[in-house]
Amino acid sequence: METFLFYFLGIGLLTTAGTAIVLKNPMHSIISMIVSFFFISGLYLLLSAPFLAVIQIMVYAGAILVLFLFVIMLFDLQKSEYQKDKFTKFDIVSILLVGFGASKLVALVVTSNSVVNFSKAQSVSNDFGSVKAFAYSLFGASGVIGQHSFVFEVISVLLLAAIISAVVLAKKRL
Amino acid sequence: MVSLNLFIALGIVLFFIGLLGVLIRRNIIIIMISIEIMLNAINIMLVAFNRYKFIENNDGLTYSFFIIAVAAAEASVGLAILIAVYRKRKTVFVNKLNTMSN
Amino acid sequence: MMPIEPGILEQLGMIIPLLLLVVFASSILLIDVFAESEDRAYLGYLTAFFLFVVLIFVAKDFNNNNVSRQIFHSSIVIDKFGLIFTGIFIIAGILTSLGSIDYLKKYDIAIGEFYSLIMFAITGMSLMVFSTSLMTIFVALELMSLPIYALSGLFRVNNRSLESSVKYFILGSVASSILLFGMVLLYGATGSVNLVTIGNEITTKYTNLKTVLSSDPIIIIGMLMVFIGFMFKTATAPFHMWTPDVYEGAPTIVTGFMSVAVKAAAFATFLRVFGLSFNNDALLHLANGAISNTSWIQVLNILAIATVIIGNLVALNQRNVKRILAYSAIAHAGYLMIGLVGYFITKDPITYSALVLYFLSYTFTGMGAFIAISIFEPKDTNKVMLDDLNGAAYKKPFVAATLAIFIFSFAGIPPMSGFFAKFYLFKSAYVNAGLHIPVIIALIASVFSVYYYLRILVHLYMKKDYGDVDVKDYKTTAGSVIALSIAGFFVLYIGILPDQYITIIKHSFLSLIGG
Amino acid sequence: MFDWLTFITLFPIIGVIILFFIPKNNGTVIKNIALVVSVINFLFSLVLLVGFRANASMQFEINKVWIKNLGINYHIGIDGISIFIVLLTTFLTPIVILSAYNVLKDPTYKDKAKEYMALLLILETAVIGALISLDLILFYLFWEMMLIPMYFLIGVFGGEKRTYAALKFFIYTAAGSIMMLVAMFVLYMNAGGVSFDLAYIISHVHLTATEQGLLFLAFFIAFAVKVPMFPLHTWLPDAHVQAPTGGSVILAGVLLKMGTYGFIRFAIPLFPKVAVSYAGVIGIFAVIGIIYGALVAMVQKDVKKLVAYSSISHLGFVVLGIFAFTNTSMTGAIYQMLNHGISTGALFLLVGIIYERRHTKEIKEFGGLTKVMPLYAVIFLIATLSSIALPLTNGFVGEFLILSGTYISRVMQWSSVLTIFAATGVIFGAAYMLWMFKRVMFGPLTNEKNKNLKDLNLREFTYLFPLIVMIFVMGIFPNFFLKRIEPSVNSFIENNINTRVYAKNSRVTLKLTKNQKRSKR
Amino acid sequence: MSNNKAVIMNLLPLIPMFPLIGMIINGLIGKFLPKKLVHLIAITALLASFTTSVIVVSKLVGLPEDSRSVSIEIFKWINVGSFGVSFSFTLDQLSSIMLLVVTGIGGLIHVYSVGYMNGDKSYSRFFTYLNLFIFAMLLLVLGSNMLIMFIGWEGVGLASYLLIGFWFEDSANAAAGMKAFIVNRIGDFGFLIGMFILILTIGNLDFNSIKIAVDSGIITGTVATVATMLFFVGAMGKSAQIPLYVWLPDAMAGPTPVSALIHAATMVTAGVYMVVRLNFLFILAPATMTVIALIGAFTAFFAASIALVQNDIKKVLAYSTVSQLGYMFLGVGVGAFGGGILHLVTHAFFKATLFLGAGSVIIGMHHNQDMRNMGGLKKRMPITHWTMLIATIAITGVLPFSGFISKDEIIWRAFASHNTIIPWINYVLWGLGALAAMMTSFYMWRLYYLTFQSGETRLKDHHVVEHIKESPKSMTFALVVLSFFAIVIGWIGLPHLFYHGKGIFNSFHRWLEPLVSESEAKIHVVHNTGLEWTLMIVVSVLVYISFFWARKWYRKEISVNTKIWAEALKPIHTLLYNKYFVDELYYWLIDKLILQFSHKVLWKTIDYIFIDNIIINGLVAGGSKTLGFLVGLFQTGKLQFYAFVMVAAFFFIFYFMTL
């Protein structure tokens, strides 16, 4: 049952990701992107990381792609506009190159022993993927700094910087 | 039972699909989306490794969480640039933007 | 090195410079909001002052604590190596902020955000240099890059500036994601992202390159991905293609900051990452103990030589000054890369101090040159062609003289610091690290570089005379004059008496090994 | 005791700093200050001469650590070989500055006097620095530093194709000396990687024959470009034709000597065996240079180019003298360096004077100037005679010593044949100089523009007069100079050639004449 | 006796000092002094040095025969390592003769040139150069080592350059001056190499140390031959022998007193003086001696043949000088060093008279030198006529006059001395000598008759003809004195054929005895007075025939049959007139060989095209620029292309690492 679920989610993910980059109309690709996020959160659930699955849907799909949608609607591209984005000979070369490279890489990685024959441990301590585990690692327990609280703080500074940069870029008149 | 290397293979393929997206499409929006795909692929592999190999702590999970946050920041700046470009050049196609060359 | 977990306050106490940077960056924003006067010049001076304060703190830290400690669960380490490079970033920041006052006034851009973004970028850089875990490096990399993407797109009214920021953004993001991908693979193979643990894991599991390749290629791929990520940031040969366009498009001051500070940060982190985790014999030696000629050091060596050659050759027939300096930056990256290879081979204080001295000299020379060029930039063109400089020396003798000093320092002509930097770098690479062929190629290439450097001087001094130089708006206020004189003074001072700087740098080497 | 050498090197820089504060437009004040500074510097250098004892040791020596980490120390000193070239520099600079007074009058350079003077003073510092430094890198530092002022002198103040000529000059020398830098690295490494000091390296280095050969080649090329020797000389005519008068006087008077000085101070002591075994080949190139320079000079249309090619020919003599390794020839070579500086310096000043009056350097533009400018003609004649080595002028002493020394040298292969070919240079020299003198000074005064040329004014006479005096003084009383040069040359040959190359103490350099043999028996 | 030596010692350096001081004064302030004072200074300088040399020579005569050589060192000039040269003068028999000749004739010519040059505006410059010449000549003569002689040697070269090109407005004169200097320089080149050989073998250049080396056998035959051959090259340059004589005829472009002093009496004889000074060295090299003799004889014959047909009075005298020098070298070549010097002295006097006479004729004819317009000056310029007549008789070698004595001595010794290398050579030498003597008398009498007799002066411009009058006293005084000596001077050197006693008459040879006897003894000379008489008579007969021939043709108006003969000898005439086209050959040679070659090949191809364009601008600069351009093409500006290159590089490196 579980393997079926994995294959369903996996193939779903790959196809939706594929369509996301192939479709001409950016609106369509955004939507197929959102569908692929659902598949990803499914995979997270499979990997017993419920908090992440929720974050994926809420933050990633909900916030970031919605932002994309706003931007696209802002441009209201005409059909003729994005039809011009045709395939060229050069793309075929890059597809072949990436395809060949990826296959070789996958073949190598799959067989390397830090990856092969690891089966899922049955019993998982209850708070593996849970919010509690996250809280401990981010904010640390009673007086001890969390494992990742420093990086967490840095990301907050990063977000601030990102906001300022976005404002600077988007300002009408400097 | 689904073993680790399946997840890793899936992650790598997804990563290269994203990379391919960047190389092929002219539309900047699509390029940004393919970058997001690449980041998601990385998240999947992170979670997979953490779940299968290093079950005792959840570093992988927190990393992927951070990556989502960073991706958000990146996307915001990227879109800001995109708006600025669109407002000035009225196009979102990258092959138009090659005024500078030797 | 014993990772200790002192209390939160004490750990925070150690990263005061970083905190100060963030606080000052945000305070600049607030001051900017409440200020009424349209003219934002005072912000430039204020930023310079703030940065100077941080510099004092860095210097204070540098002198007293001699043992470097890993803090925050060993995500970063405060050691002299990091402090020295933070110092370099801050110096670049001071020069940029001082130099940008006139430049922004010329394009009548009156925004405080410019300075806060600079400060954020500097925070990102120093964090990058301090960090010992790949995750912190990634986040710090983003913290550095985002403001730079914005800054390079500052002139929204100018196509080239937008283009440069688009290119830089997309290629930057792709490179960071490749870096991340490498990190994941390494995490998968070794279970942690801390550089030291990665290094130990690899050495415990494998003894030579052949076994690693056969049994666990994921490590090699991961390492390669990280390698590519850094190669992009340091603009080495095949990954340098974005540099000319981005440097030409971005505002000159930002280009200066990018070519000096961002490059230095990338190099320093590359040194830290590959010095700590991948410089073990598992990844370098063949079964029979000999250094394998397909190890990443060999790849780096080849790329370095390619960078030097491409950087110098293509610059020969460029007409745009910013593009010439872009290619010269690539060439200098090539020389630095040879020095870095030398360091990785020997890991001794001489090659290390040669490298850092080169950065110090390059900071002053690069920033000075770009500030001078920005003064000569005609209004609203975001383009400095060689012919725009004609006869400029007779309009602005001081600026032209300092530009001449920087040009000669780039070319490595004696009394300037460029000479000793280049001399020490090539001597350490040739004598200590035994890189005979790369040094000879680099020296020959640097003779070619004399051609395109002198072309700038030809236009400055020899093309026109007093009479016929038309009045251009080269007005300079105190900010750029101070910046140019600081840069000029240090270029000459290091050129004549480099000894004390070398000893300080050597002093900082001890802590690096401990990191 | 007061460190005179550093003082003399850095004193011009003080002059430059003073100049810096003077406003650009009052040119005369600038010129006077520059003149005063250079004259004072010359007087101080005379102090050197007074304090100089005629023995072989290195005098006024200072050896302080400069950059400990790189093993470079500030080791300076002068001996018989370098003292007079330093004096030549300090002697020529005030003359050049005085000659530059009206170069700066013509409109294109009207308020660039400050730059011109500053460049000349910096050039003086760089050259003296290079002459006195005994540390490889300190020498290399001054060697490269010389390029900047000369580059600007040619580039900013030169003729039409000045940028091309300046660039060619810069890149020729820079490219030449790159390999020298690599050679210095190898030497440093081979001598145990402790210091770049010349004496230290000479005593501690032990190289294989091939290594010595390659390194000598690297040093040789760097200095051969500067001399310039035959195949590497094409930069000199361009540089001279485009350079302003002052620039080309210093270029010919002093910069060219750096090449030959480099041979004596660095190339030969470091690699004596190679220098001796290749002496013949270098001798051939020197002789080619002599004859080639003379022949090509003969057909030049432009006076300055003619004098430029003549200095290629003269320096061919000097190189021949150096590589003959006899004390007569080497002393003669050093003495000839001084003579060439004075006679060619005078010639360039004279060409500059008629260029300032007529703004052309073509020989056919002139003719019959003696009638209009008699005093000029006399001085020009004396300079020409010194250049073609007429006895009782300085040129003769130098050339005679070189040729006689080379003839009796047993170290240089085919030395007698080379001497004979080199001596033909004496004939060609007379031919092209006198032919030029005839076409410029004698003959009917046909050209209208030459009719109302003014003769030398007082200023011009004052800066030519010392040169004329030196021509005769050095021609009639050479012993004053030779007495001081010779001990250093003897010790140079003794410990570089006799002991280190032939390893037996036979006085090999001089074919033992019969009566000397008899007296020895 | 010792005070004689002391007197000489402190007087000797004064001799060259006087002209030097004269030169300096005239040189520096001559332009501002009145004309009278200028020539006064110059003449007193000469007079002073003449009197001092007379005193000094008389003191020398006082010394005993064997120690008549006094030298004094003024200061050390150059000493480097083992090689030392010092400024030192030596007075011995040979240099005393030369001293008297130089200062004597020099003084007279100075007096003469007061008259000759009084019209000239750069008066002081002329006298400066004359004094410079005398100073240099005295150095040459008094120098006690080869180097001081070389200084004098080149010094006189310089003076002759300045004086030939004195009227520099006319570029022909300047060219002549330059030509003289360069040809001398070619000679000096040989001299220089000779000196090096001496330095190589004996370490220094003093004459007496050379003598010691020769006596002690250090200098072997071969070394001596090579050295002497090279010194002879130097002599050829200076004394205008066959290959290097071309400059002397052109040197006539200078003022006539210059030609008289430099190109007749003193400078050109320097070569002979040098050979005699080094007689002990030359004797060691029979090969060189033969060459000298041959060249001397051939030059005598060759130059005389050219002089036959020249129309310019000074050109005739110039070629006659070359021919007489040929005689001197013939004499010296066959070992008659004394005879050579005697001929030098006698020639100095009568040739100076001839030149000065020609000078006064030219002044009279208002600077017209062509003999075809002269004639009939006998009555207009009596003194010049008589003095020229005496000198002509002297030069053609008629018995009582000096010319005969010295020339005949040489011709006889040419015949009598036995040559080891080519035994029959002496007949050839004698033949050439005799023929040259015959031709000499022909062209001299042709000159005399054309200028002084052959009817009225043929000059077209009648106005000038009326005004021809005798030259002023200063000129005629010198002429008279010199012509007197032209007769008398020969007598002091009478060969023992005529006079056996110890008296004044053969004091000349006895005077030179100690210097040359040793080397002259080495040459075997046939003693057959009968043969000597017969040969002397044969030569005199030949001289008389050509005198009669010239007289017949040129005494009256140019007779009709002279024209017939001229037609018949047309081809030979043109050949001789154009000086065997030697000058044209030299010019073609120099132009083609040196100028074209160095212009086209050396400068244009090697320097300009090969090194500059092909290597520097072509390969280095051009190559790197095009390479840079090609690599630059990758910079297309398209973002996707950059990303593609990144990915491709990644895969390539990956492939490389996993190799």
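As written, the chain order gives the labels A, B, C, D and E, with residue 1 at the start of each chain.
In the analysis below, a residue touches a chain if its C-beta (ideal position, glycine included) is under 8 Å from a C-beta of that chain, and two chains touch if they have at least 3 such contacts.
Quick caveat, the model's predicted, so the values are computed rather than measured.
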**Study point:** Those chains which touch chain E and also touch chain A
**Key:** B, C
Exercise for review: Please indicate which chain is farthest from chain C, where distance is taken between mean Cα coordinates of the chains.
Suggested key: E
Practice item. Name the most central chain, where centre means the mean of Cα atoms. Key: D
Study note, to complete from the structure: So the chain most remote from chain A by C-alpha centre is E
Revision key, fill the gap. Leading the contact tally is the pair A-B
Practice item. Please report how many Å separate the Cα centroid of chain A from that of chain B, as a whole number. Key: 6
**Study point:** Between chain B and chain E, centroid-to-centroid distance (C-alpha), Å
**Key:** 100
Review point. Can you give the whole-Å distance between the Cα centres of chain C and chain E?
Key: 80
**Study point:** Cα-centroid distance, chain C relative to chain D, in whole angstrom
**Key:** 44
Practice item. Enumerate the residues of chain B that touch no fewer than two other chains. Key: 8, 18-19, 22-23, 26, 53, 59, 66, 70, 73-74, 77, 80-82, 84, 94, 97-102
**Study point:** Sites on chain E at which at least two other chains make contact
**Key:** 629, 632, 635, 637, 639-641, 643-644, 647-648, 650, 654, 658
Check your understanding: Of all residues in chain D, which are in touch with two or more distinct other chains?
Key -> none
Revision key, fill the gap. Every chain pair meeting the touch definition is listed as A-B, A-C, A-E, B-C, B-E, C-D, C-E, D-E
**Study point:** Interface residues, chain C side, partner chain E - complex
**Key:** 166-167, 170-171, 174-175, 178, 213, 217, 220-221, 224-225, 227-228, 232, 238-239, 241-242, 244-245, 294-296, 299, 310, 313-318, 448, 451
Check your understanding: Any idea which chain E residues touch chain D in the complex?
Key -> 76-83, 147, 150-151, 154-155, 158, 161, 165, 168-171, 173-175, 177-178, 181-182, 185-186, 188-189, 192-193, 195-197, 199-203, 213, 216, 218, 594-595, 597-599, 602-603, 606-607, 611-612, 616
Revision key, fill the gap. Given the complex, residues on chain B that touch chain A span 1-10, 12-14, 16-21, 23-27, 29-30, 32-34, 36-37, 40, 43-44, 47-48, 50-53, 55, 57-59, 61-62, 64-66, 68-77, 79-84, 86, 91-93
Revision key, fill the gap. Per the touch rule above, chain D residues touching chain C in the complex are 66-70, 108-112, 137, 140-142, 144-145, 147-148, 151-152, 155-156, 162-163, 166-167, 170-171, 174-175, 178-179, 181-182, 185-186, 188-189, 193
Revision key, fill the gap. Within the complex, chain C is touched by chain E residues 621, 624-625, 627-629, 631-632, 634-635, 637, 639, 641-643, 645-646, 648-650, 653-654, 656-659
